[in-house]
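Each of the two complexes below includes chain A, the first together with chain B, the second together with chain C.
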Partner chain A sequence: MIPQVLNGLIFASILFLVTAGLSIIFGILRIVNFAHGSFYALGIYITYTITRLTKNLILHLLSPFIAAIIVGFVGILFEIGLLRRIYGRGELFELLLTFGMIFVFMDIFRIGWGSMPISDPTVTFTLGTISIRGLIIPIYNIFLIVTAAIIALVLWFLIYKTKAGMIIRATSHDSEVTSALGVNVQRVYTLTFFLGSFLAGFAGGLMLPITGGWIGSDLEILVLALVVLVVGGMGSIKGALVASILIGITRAVGISLFPKIELAIIYLIMVIVLLIKPTGLFGGADIERH
Partner chain B sequence: MLSRRDFLKLVGAGIATTVMGCAQQQAPTAPTPTPTPTPKTTPKPTKELKLAYVAYRTGPAAAFGEPGHQGIDLLVDWVNASGGIAGAKIKVIHEDEGKPAEVVEKFKRLCLDEKVDVIMGLASTANSMAAAPVAEENSTLFLSCQARIPYVTWNDPKDPSKGRMDWVFKTNNSAVSHAVQAAYLLAEFFPDAKVVAQVHPDYAWGYDNYEVFTAAIKKLKPDVEVLEPLYPKLFTPDYTPYITDLVNAKPDYIFTSLWGTDATRFIDQLIPYQLLKGAGGNTYLCGYWDFYIALGRDLPLYGHPQQGIQGHWAELDEISPEYERYIKEFKQRYDRWPQAGAVDAVSAFYTWKAAIEKAYEEKGEFPTNDEIRDAMENLGKVETFYGTGIMRKEDHRVLWPINTGLTAKHEWLPYTVKPKIHLEPSKQEPPALTKGTDWIATW
Partner chain C sequence: MRDIKKIVLLSLGIVLLIIVPFMGEYITYLIGLALLFGIAALALNVLLGYSGLLSFGHALFFGGGAYSVALLMKHYGIYSAEVLFPVGIIFVALLSLAVGLICVRHTRVYFTMLTLAISELFYALALKLRSITGGDDGIRISKISLFGYEISSISEYYYVILLTFFLSVIILRTILHSPFGLTIQAIRDNDNRVKFAGIEVMKYRLMAFVISGVFSGIAGAVYGPLIGHVSPDDTLSILLSGEFVAMTILGGYTTFIGPIVGAFAFTFLKAFISSAIVYWYLVFGALIVGLVICMPTGIVGEMVKRMVRWGF
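Coming up: the complex of A and B.
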């Protein structure tokens, strides 16, 4: 059972990073960014481009971070260049724009990296494995889980213990009052989008050695992230964390115990949670409520 | 503020639009406008043959489908450069695959609007089953050459007594052949193996492989313990939960029918766990190493069993000069080795070419598609640059001798298979219109 829990944590780490980004953007901008999965896939593709350039282990380990910064800036461009023009025009515009971007990104991936799937497990092979009480664990898997945990801590610190976080939370609570207090809300929106896109890109980069990337990985992760978002409670980072762990571990253990209903389990959890608590585990849309 | 209900509506709408969007992306495009009639003063145009190739070009299955498209382009370029087939140049229409309903629509359009002479390809079992009757209804040749579904030419996949279709042919080897090969490999090369695990994708192809392999190994090596199969969903990104089960079971032999990117991901994720021979363990993996190298990998583990795909370059003792040219031009043009899909495309293309040439020779002028169909089922032999297949008229299948064995290094190819066992069709494919398991029961 312990190995399956560890496997579940890998899946949970990635789900958390992606959903945290989605959740932050929703919490502040009140937008469900359907293009979020595309930022995840972009993270995979950019990381791949970096790892193909070098065999240096350190650079391979850093490449998701570098890719995530690039993806973050792409997110800024998206927010400033497109999204900003439709704020306040209603959800339909936001849905169409963010949704349409999925297909724009798909074509970008096709033109830039081709339609064949990509993968590069060099770093997993180079790092090798460790054996704990006869249990063999790839070191990269531990690296991935620890990195995601560090990001979760940094995120918590950033949002709850810094002035920037306070402004973010205030904007999330009431952007008009925050604006009246002299805060540049547009800048908060842009920074939020950077942060959200960064997290998606980072998650994608971390997954390159394990799953690789393909046109369509964007939609797959998006649907899962939406499930986590709903289960955890819209806009709640803590909810995203708990729901990711719940879904990640249940899936891994479920594969061992009930292999036939692997995918159904995830949706079953969603249905049960929503029946018992319709707002999700940590429901309420305000980012500061936790 | 967006309420939860509003959000759920949005999500619902979004997901629905996703599905529709994907469908639309794959939806049939408007039919090509009819060309303006050629003025009577110009010379009579040479006949043009329309070949439609349908296989995945996007998504995880593109690793299998796209090489098929590329292989066809290369072969058509060769043939067109040397004057075409019986003087007719070939025009290729490429189509992405998609889901069964989409493929059915594409087949209808190709048959009725494009009026193609032949359709080849299809990598998915479900798509092949859905689309084959469309070709049959419209009297259009369909050469199933990528999916390894043994009963695609049958009128009723569940009841072979209802006979075969007239316009559907199958030119590559089948799931039965692959699973039987895996059993022969185990019996031949690993006589000491005690425990066997299986990992197959969770759909018809995976189930066929499990049933046939299990039946065959019980005949060939009854003392082996066959574990419950693992059935990951098709295109699962993360195999680690399944790998953990394998690591716990420590089998001597793993037979997997995972293909395309699934095969690559599974192998990539499995290697670090020190289970496989050559990577810290003692287990042999019988699978498609071909897909692994197709995505630009060096083969990390030699001595692992590779199932035979008809005429695959890794299985042959000698590569003919024309085959060498195909492999090298393919590599140069597309920057990757021609893997299973590209080898499958050859089987369909040469079968079709041979049928047209035979019908042309018999008639003395360019044959109709009915005549090409008749010639095809009476071909007898199908000659390609990688060997000779036998056309079995009873069920419209081309059968191939297979070499299958253990992976080894090669001087210019990514790997070869040595030592290997040679299996004639009668050893690895069931008789016409016979279920694989029924045939194995008679062993």
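Coming up: the complex of A and C.
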């Protein structure tokens, strides 16, 4: 059971990073960014390109971070160039615009990196494994979980303990009043988009040595992240954390117990949670108001 | 005067649709496909345009119709359309009732996310329960008959599609122009006021949901035999759900016929562009983005606007 739980934690870490980005963007812009999975896949592909260039271990470990910054800037371009033109026109168009970007990115991946799946597990081999009580664990897996935990802490600190975080929370609560208080809300939107895309790209980069990337990895993670988002409560980072762990571990354990229908079990959890608590685990009264 | 113009245009359209099989097999196939997508997009618009609810999971009902037909063929050896289609419709009606009960408690983006996630549940099941559904290979549909007569060519099947299309359009139009249709539009515009008028908003939303699901299911049920094949990616995927939304917006979700126009435009664009270049998705994605930014009311909405400007 322990290996499954460990695998589940890896998956949960990645799900958390992706969903946290999705949730922050939703919390502030009130947009569910369907292109979020594409940013994740872009993170995988860019990390792959970086690791092709060098054999240096440190650079390999840093490559997800570098890729994430690039993805963050792609997010900024997307927000400024396209999304900003349609604010206020209703969520139908915002959803459809981000949905259209899924298709655009799919072909960009095909053009840039080909249709075949990519993978680069070099870093896993270089780091090797450790054995804890007879259990062999790749060091990279531990690195991944620890990194994700650090990012979660930094995120929490950023949002709840800094002035920038206060502005973000204020904008999420009431963007009009925040704007009236002299905050450049437009810039908050752009920065939020950077942060959200950064998190997706980072998660993608971290997964390169484990799953690699393929056309369709964008949709797979998007759908799972949407499930986590709904189960945890839309816009809640805490909800994203709890739901990622729940879904991540369920999936890993489910794969070994019910190898055929582990995905169905995840969706079943979602339906049950929503039947009992329609706003998700940590979605407060906020939802009905908006 | 305007009525006469309308009648002339309409009968011209009907005549054109009837003579389609004389224009060659490929065109017949494409128009048959467009007609089915047209039904699905119209059905989606019962929710999107008339109820103000954006479903991103309508492939579930389309695929539900397609799979109920295909599964009956595969496991029970039934090939008669007069049995297959009604059973498929009943199945989809029950399915959309169950899904609707969960989804209509929410509105806006929460509704959207729920429809999407629940449709993914069934996508995953269709993909994984290989022994029943054939997994990602799907199910092959070899033949179909109608009242004992085996339909052997695409031209013959085209008339089944055309009949389904006309019936669906007439029924949907009647429903949407009835007091029921007006009520769901009123709920879309201001649900509180409608509540104060003593109308059970949730019940009406649920009815709209089931109607929408059933007609998507009808399109799906008829789709399988046209393509000759039913697979998760073709009939149940999130991309198809999104394509339905895109067709509806492309044609114009503020009008009744918009979705049909959108479905035709989509089907022909897809056929021609993907035969010319490999990167159809890139073009399609850019088209959606451009549409949302520059022409949000769609083709029909834009035409109406122009006509008003030119004094028609």
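Definition applied: the second predicted complex is superposed on the first by the 282 of 290 C-alpha atoms of A that agree within 3 Å, B and C clash if a C-alpha of one lies under 4 Å from a C-alpha of the other, contacts with A are read in each partner's own complex, and residues count from 1 in each chain.
Just so we're on the same page, a residue touches a chain if its C-beta (ideal position, glycine included) is under 8 Å from a C-beta of that chain, and two chains touch if they have at least 3 such contacts.
Quick caveat: nothing in here was measured; it's all calculated off a predicted structure.
In the superposed pair of complexes, A:F125 makes contact with chain B only, with no contact to chain C. Of the two partner chains, neither chain B nor chain C is touched by A:S179. Judged by the touch definition given at the top, the superposed model places A:E220 against chain B, while chain C stays out of reach.
Here chain B and chain C are compared by how many residues of chain A each touches, and B touches more.
In the superposition on chain A, contact of A:E91 is made with both chain B and chain C. By the touch criterion defined above, A:G212 reaches chain B but does not reach chain C.
After overlaying the two complexes on the shared chain, residue contacts for A:I108 are found with chain C alone; chain B is out of touch. Within the superposed three-chain model, A:M234 lies in touch with chain B and with chain C [touch as defined at top]. Within the superposed three-chain model, A:F99 lies in touch with chain B and with chain C [touch as defined at top]. In the superposition on chain A, A:N7 contacts chain B only, with no contact to chain C.
Where the contact sets of chain A with chain B and with chain C meet, they give residues 30, 32, 91, 95, 99, 102-103, 110, 219, 223, 226, 230, 234, 260, 263, 278.
Against chain C, in their complex, chain A makes its touches with residues 30, 32, 82, 85-86, 89, 91-93, 95-97, 99-108, 110-111, 219, 223, 226-227, 229-230, 234, 260-261, 263-264, 267-268, 270-271, 274-275, 278, 287, 290.
The residues of chain C lying in touch with chain A in their complex are 48, 54, 56, 102, 105-106, 108-110, 112-114, 116-118, 120-121, 124-125, 128-130, 238-239, 242, 245-246, 249, 278-279, 281-282, 284-289, 292-293, 296. Looking at the complex, you find that chain A touches chain B at residues 3-4, 7-8, 10-11, 30, 32, 34, 91, 95, 99, 102-103, 110, 115-119, 121, 124-125, 128-129, 136, 138, 140-141, 207, 209-212, 214-217, 219-220, 223, 226, 230, 234, 251-252, 255-256, 259-260, 262-263, 278-280, 283, 285. Per the touch definition, chain B reaches chain A in the complex via residues 1-2, 4, 6-8, 10-11, 13-15, 17-18, 21-22, 25, 57-60, 62-63, 66, 230-233, 237-238, 240-242, 244-245, 247-248, 260-261, 264-265, 268-269, 271-274, 280, 295, 300, 336.
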